[in-house]
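Same chain, two partners: chain A is paired with chain B first, then with chain C.
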Partner chain A sequence: MARDKSINIWQTGIFIFIIIFANKVLLLPSLLYRDANVEGIFCYLILFLLEIGLIFLFIVLKSKFPNVSFASLVKEKFGIVTLKIIYFLLIIFFLCKLILIYNVTYIFFKDLIYKENDTIIFLVCFLPIINYLAFVGLRVLGRTCQLFFPLILIIALFCVIISFIGISSTPLFYQSNVSEVLISSLKHISSFGDVIFLYLFMDKIDYKKGDGKKLVFFALSAMILIILMAIAFYFSYTYTSFMHQYAIFEVMGNIKDYGGLGRIDVIAVILIIFLTYFQMGIYLKCFTESFNVLLPKLHKQYALITFDILFVIIVELIIRNLERTILYGESILPYLSIISFVIIPLCSIIFLIIKRRGEKWKD
Partner chain B sequence: MSSMNFFNVEKEIKNIKKELHFSFDVADRTLKKGSVTIGFIYLKSFTDNLIFSTAIYQPISDLNEEISFSSVKNIVQANDVKEIKKEEIVDNILKGAVIILMNNSDKILSVDIQKFNARAPSEPPTTPVIQGPREGFTEDIKTNLGLLRKRFYSSDLVLKNFDVGKRTKTQIVIAYLDSVVDKKIVKEIEKKLKKIDIDGVVDSYYLVPYLSNNPNSLFKQVGNTEKPDIVCAKLLEGRVAILVDNTPIVLTIPFVLLEELQNTNDYYTNYLYSTLLRFIRAVGGFFAVLGPGLYIALQLFHYNILPLKYLITIADSTQQIPFTPFIEILFISLLFQILYEVSLRLPSYLGLATSIVGALILGDTGVKAGLISPPAVIVVAIAKIALYTIPEQAAQITVLQFVFLLIGASLGLLGLIGGLIYVISYLNTIENFGTPYLAPFSPFILKDNKDGLLRVPITSMKDRPYSFNNTDHKRKGE
Partner chain C sequence: MERLKAYLKLIFKTPMVIVFILISIIYGGIALGKDAEIDDYAVVTAIGLDKGEEDVVEISLLTFVPIVTQNFSEQYEVVKSSGKSISEAMDFAGLHLGRQVGLSHVKMVVVNEDFFTNDATTEMDYLTRNANLALSTTLVCTDASAFDFLSAVKEFNTASSIKADDLVEFNEDYVYSTESTFETFYKGIYSPTNTELVSFITLTSEDKEGISIQTAAQNSAGGGSGGGQSGQEQEKKKILNDGQAILCKDGKEVYKLDKEEMKHLNFLKGDFKSGSIIIENFSDNVFTNAELTFEIFENKLNTQVAFENGIPVVYINSKIFLKLSEAKQTERLINENVDFKNISNEAIKAIEFKIKEYMQDGIRIMRENKADIINLYTTIYNKFPKEMSEFLDRLEDRDDFLNFVVFKVAPQIYSY
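Let's turn to the complex of A and B:
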């Protein structure tokens, strides 16, 4: 079995696309409209800038430290205690993210597809697959995503393009002020910053000079598609956008009889299923990576067992409905997003400054 | 050389016969010419008796000059005449040679006159072609080697011989193009063949588990074909062929799943048409695996996402059915599988009768009796037919079909897509001889996709595959 070898730049780009796209096409447009009306689009733009910043920082860091892992950099510059604290926080962050994604997807499928409240089906579907994806290694995960990527891209493009057919009117702009947009951005910051997975796999990405452009290209493609889809959603449902929770499904549902194709909203369901599996697989891989840094002597299967136990307990006992899930996503997770937008970038900047000083000192 | 080492011919023949357990087909002849006794020992069931008489016995018997080892060696009229060691006598006899012993020499002569019982090369039933060569391999390895040799008038083709199987000592030949193949692959194959500890090799399939990295896997990891033109094309790509005596199936290594989407006919017809056919094969394979599972998932879990018209049609036709949808589909699938097994084993004149009983009587009557619904019959029939768009993977697809049927019935669409992701991830873990199983799709290798799901014209195929190592990636140009 090919385990945990490196992934190429295309596979990394595909990870970026999936992570950026998957997190923001289901609940987020509706939630942003609720808080910032149609100006929710600006929330996307603001937070995407931060996300692009994270990618740029990664590119610079990778160019300066090509074959070094982020963990060893943290350990070298800040010591083992800081390393353990950061990676402990990362474990919590990824666990919370996984729970959030699972819950959102569960509620979506329960409401629209399964019409049943049987959580066992969902756990039986998700847990073994994402465990396997995280277990077989980064290269296998990368190759699997690569194989399905054309399908994902075609469906995503189809959904976005066809969603414009459902546009009926134009919503009014300038209903929210700048502070509302900023507050809304902050509230939903946890749906962004997922590209920090790049830092965790830093030493496992084959990177050559000039590859950064490819990463930015994938990120920008995903961002453009999301913004287009959000525009189509707001322009389709205008003032009732906040009532339609599952954006990509709803915009497809709005034009479901197009061309006599029947219910093409089913295509969006297939897209969501693929994205959820891969997104959760990548996050779980991040979880196990962080776990192995925190407890290096333990085999990675212990990371998976720990995750499974925590996941089942939290999902089954604590969060079971949409309101609670949204509350959880807007209250706890934004604080944890501090890792994406503060701790990791701060560490990276410090590494770069130290490196630059070292080079100057040598000169 | 002292006369002490010369053979006592009669005694030696007796010893050899004893070693061969006095089998009834061991024949021996002695010829006395003056003081010289010449002994012949061979298998009468396995050697050509006419050649023995006319090309060996008669010329020696008619020899006027003084009988010596060299004179006998020169007079024998056969292609393969060689001097062998005493311990090689039995092996040579068993391979169809006549052994010649003389009481005035310590040397032993082996003359290969194996009887050629091979059938003529004909079109293999498993890979019929519309256009292109119709020759197929036979059970005789010499014929097969000849079929390969006549496609390469070049010294580049290397053939290496091995004997595998403690008791059968089956002849195995590996073939490759010296200037193209990656020698590491050849060495690895040689190493694996030498390590095989088995009492007999009855068919080339016996070698497959020994050559695969995941021998217990459901998925085929070694290529096989009955056609010399396919082997020729694969050798030109830098692959290694393994020919096994007594079987027309030749193995090729390294193997990638894509090879199953490719067909000989693709290369003997228009490239656009073959591209279309490959897409159809891929869709057929996909539907064969997922079709019944998807149907059952939609019927059991997601009827609400079906368009109303379809839903009404299905509801109308299934409301009188006494079984659950899962049992219904499972029953039809099993019925098809039973009919398939029966038709394979029945004589061909009964095949038509089985088809009539299966398709018309069981299918039609089952629907009319209200035991099975027409949509279920259609779905299973399409899936079972689609299975044979990739006939080489029929066994694997059949197993997956049942697995996905079970998943669809118990977990719905979410389970089906999860299962699909699992299967693809698993396939991505398989690597044989350094070749990713799903190459050139994942990892994506652009140049290899010229002959992937798409097929470009032969003039544009300038490179050998990059999916596996070979020493010369350029087919054309510099």
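Let's turn to the complex of A and C:
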């Protein structure tokens, strides 16, 4: 394993924290309330269980195949055609997720701050930086995330703790039944399953025995913070939770009158900026990795050029407003979650079964 | 020199620096060359809504007028326009102003009482959908024309540091009034009992209570839809916020509460910080037929629910911390060895009795209007979902459930 292309377990944990926390704190709480009322919290719990399952599966897979990439495992057991199909699907998956993340953030900033600015300005601000983050080595990306992680963690903790000050009433419980919770979970499943990036970087993570606990710790920390924030959001806005689209920003705005704190919702804006950049950077890195497996002879700059062209076309032509973004996220993306929640885990389970039977693998 | 060259070389080898410089040059240049925002936007700080003839909506916009002054005063004007919908009226207001109507700085929306004769949520739909208007914007109902109201408000905003939304800033703190924003309004409307209170502020004549600053509110009779100032007929007006509120169900006004009734309800709601309680004709070892005024310093409300024989029983325990702030009687008050601030047991009993009366009157108002102002439905349902559903199923009119709920109130008074 080339050291300049590998990341240590702490950096991996930070990636997990950022990826899990990032796209669940803006639109999602409001959408879950719309579909499942306060019981939307159970949607989080159900989908986080699946996400934890993906992490455990990765830990087992990594301990059984410490220095092998996921692509080589697929290639050896399923052949080159299956490999190309799976990685083509992964390219689509990451492209679509990147479009969703970008649009949610773009609409958030446009609605609240930059009302006059169009998407070109946002593209200029986002694309070069995420291209750069994806272009540089994985270790550089890891170190950059590591550098900013204390700031991200402090702001995230601050936002979650302070949001509890705004709680003034109790929402109405027992309004949604099990089927509503499950349907809502399925509808928003695309906001979860982000940890499959681990499988793509499987051979680039320095992993020692017992490191799995650290990964689970980072994942659980992010999940607990998200659930706490959702609880604070539902208890702050109760019956009007569906009217407040940007949860972490809104809960901070709700407490502006307390303790002479002034307008502290801008702190949430800083957090959103950091999270979006890093999440998009990690996803674009996954996109280029998948692209290079699909077309190994092409340099990764072609992956970035392809991404930029597709991204700009889709962003410009298809999704421009909140309604269309929500429609896209709720009706198209859930189908792509088959990749993260079915195909990748299924492949991993097959590899583990084959390994258990004692079949030999080429290293 | 060599070092500088090496440093510049290093910088230009880093792609992000080039991107940063490019962004700075392109967008920095564009931003510097842009017109000031106030050249494109009219900064509106308050909106007034009136109903005109034949379903026409009249809007009044309290608009900030940027003028160079040496005394830090802010200049405002009220611009009026009308249309078949608020949206259309806003467009016309933009035409009158020669700018786009910017609603990001709106702090207050004043709505004429007529809007609440039908479902006000549909009437004000534009304001809810508008992303620029925060849900924390103060919502106020008035019996006067909203144009007149804002014309009076204009005097404050122009000539003093008191702004329109300051008038109801402390509503939530006092026992006599209620917090009133779009947020609280919609929270009530979307609650299971669809009930909410909206602050009611009136315009009064000059010799009555209220506030005005050299006010000369223009009579709306002369105000056309052409925008700008209109009418020369002057009528001095004062704005009076004395704690009144309108009680809305499904967005419609069902009852108007005066400040005393608001006070009684607030002892059940519990979300106030200060206020006074007056006990008349009080006698004990110290006082004889005195009128005692107690100032509330702290209020803690604890509502517990239980089900007894299928009927919800609500226990409202209120802990009120107060001190004697004023005493009047015919004889001399401060006697030797009398602690002026201490409250005797007799006085505590009298206050408890008074607060019980207030609470009972609050319950009466809620029952008569079938209005669950204190959100009891949620409290009971969250604790006993099955029992509450069965209880409601037995009722002919589910909205009337408060008439079948048993209330047990127990105020406790503590000397501060």
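To be clear about the criterion, the second predicted complex is superposed on the first by the 351 of 363 C-alpha atoms of A that agree within 3 Å, B and C clash if a C-alpha of one lies under 4 Å from a C-alpha of the other, contacts with A are read in each partner's own complex, and residues count from 1 in each chain.
Just so we're on the same page, contacts are C-beta pairs under 8 Å (C-beta built on N, C-alpha and C of every residue); 3 or more make two chains touch, one makes a residue touch a chain.
Predicted, not measured: the structure shown is a model, and the values here were computed from it.
In the superposition on chain A, A:L310 makes contact with neither chain B nor chain C.
Measured by the number of chain A residues touched, the leading partner among chain B and chain C is B.
With both structures placed on the common chain, the touch criterion links A:R143 to chain B but leaves chain C unconnected. When the shared chain is aligned, chain B comes close enough to touch A:F109, but chain C does not.
By the touch criterion stated above, A:C125 is placed in contact with chain B and with chain C alike. In the superposition on chain A, A:I92 makes contact with neither chain B nor chain C. Once the two complexes are laid over each other on the shared chain, residue contacts for A:T170 go to chain C alone; chain B is not touched. Of the two partner chains placed by superposition, A:I332 touches none, neither chain B nor chain C.
In the superposed pair of complexes, A:N8 makes contact with chain B only, with no contact to chain C.
Residue contacts after overlaying the shared chain place A:H244 against chain C, while chain B stays out of touching range. On chain A, the surface touched by chain B in one complex and the surface touched by chain C in the other have residues 112, 115, 121, 124-125, 128-129, 132 in common. On the chain A side of its complex with chain C, the touching residues are 111-112, 115, 121, 124-125, 128-129, 132, 168-174, 237-240, 243-244, 253, 256. Residues 1-2, 8, 10-11, 109, 112-116, 121-122, 124-126, 128-129, 132-133, 136, 139-141, 143-144, 146-148, 262-263, 265-266, 269-270, 273-274, 277-278 of chain A touch chain B in their complex. Residue ranges of chain B in contact with chain A, taken from their complex: 301-302, 304-307, 309-310, 411-415, 417-418, 421-422, 424-426, 428-429, 431, 436, 438, 441-444. Within the complex formed with chain A, the chain C residues making contact are 15-16, 19, 23, 26-27, 104, 128, 131-132, 134-136, 183, 186-187, 190-192, 271, 375, 377-379, 381-382, 385.
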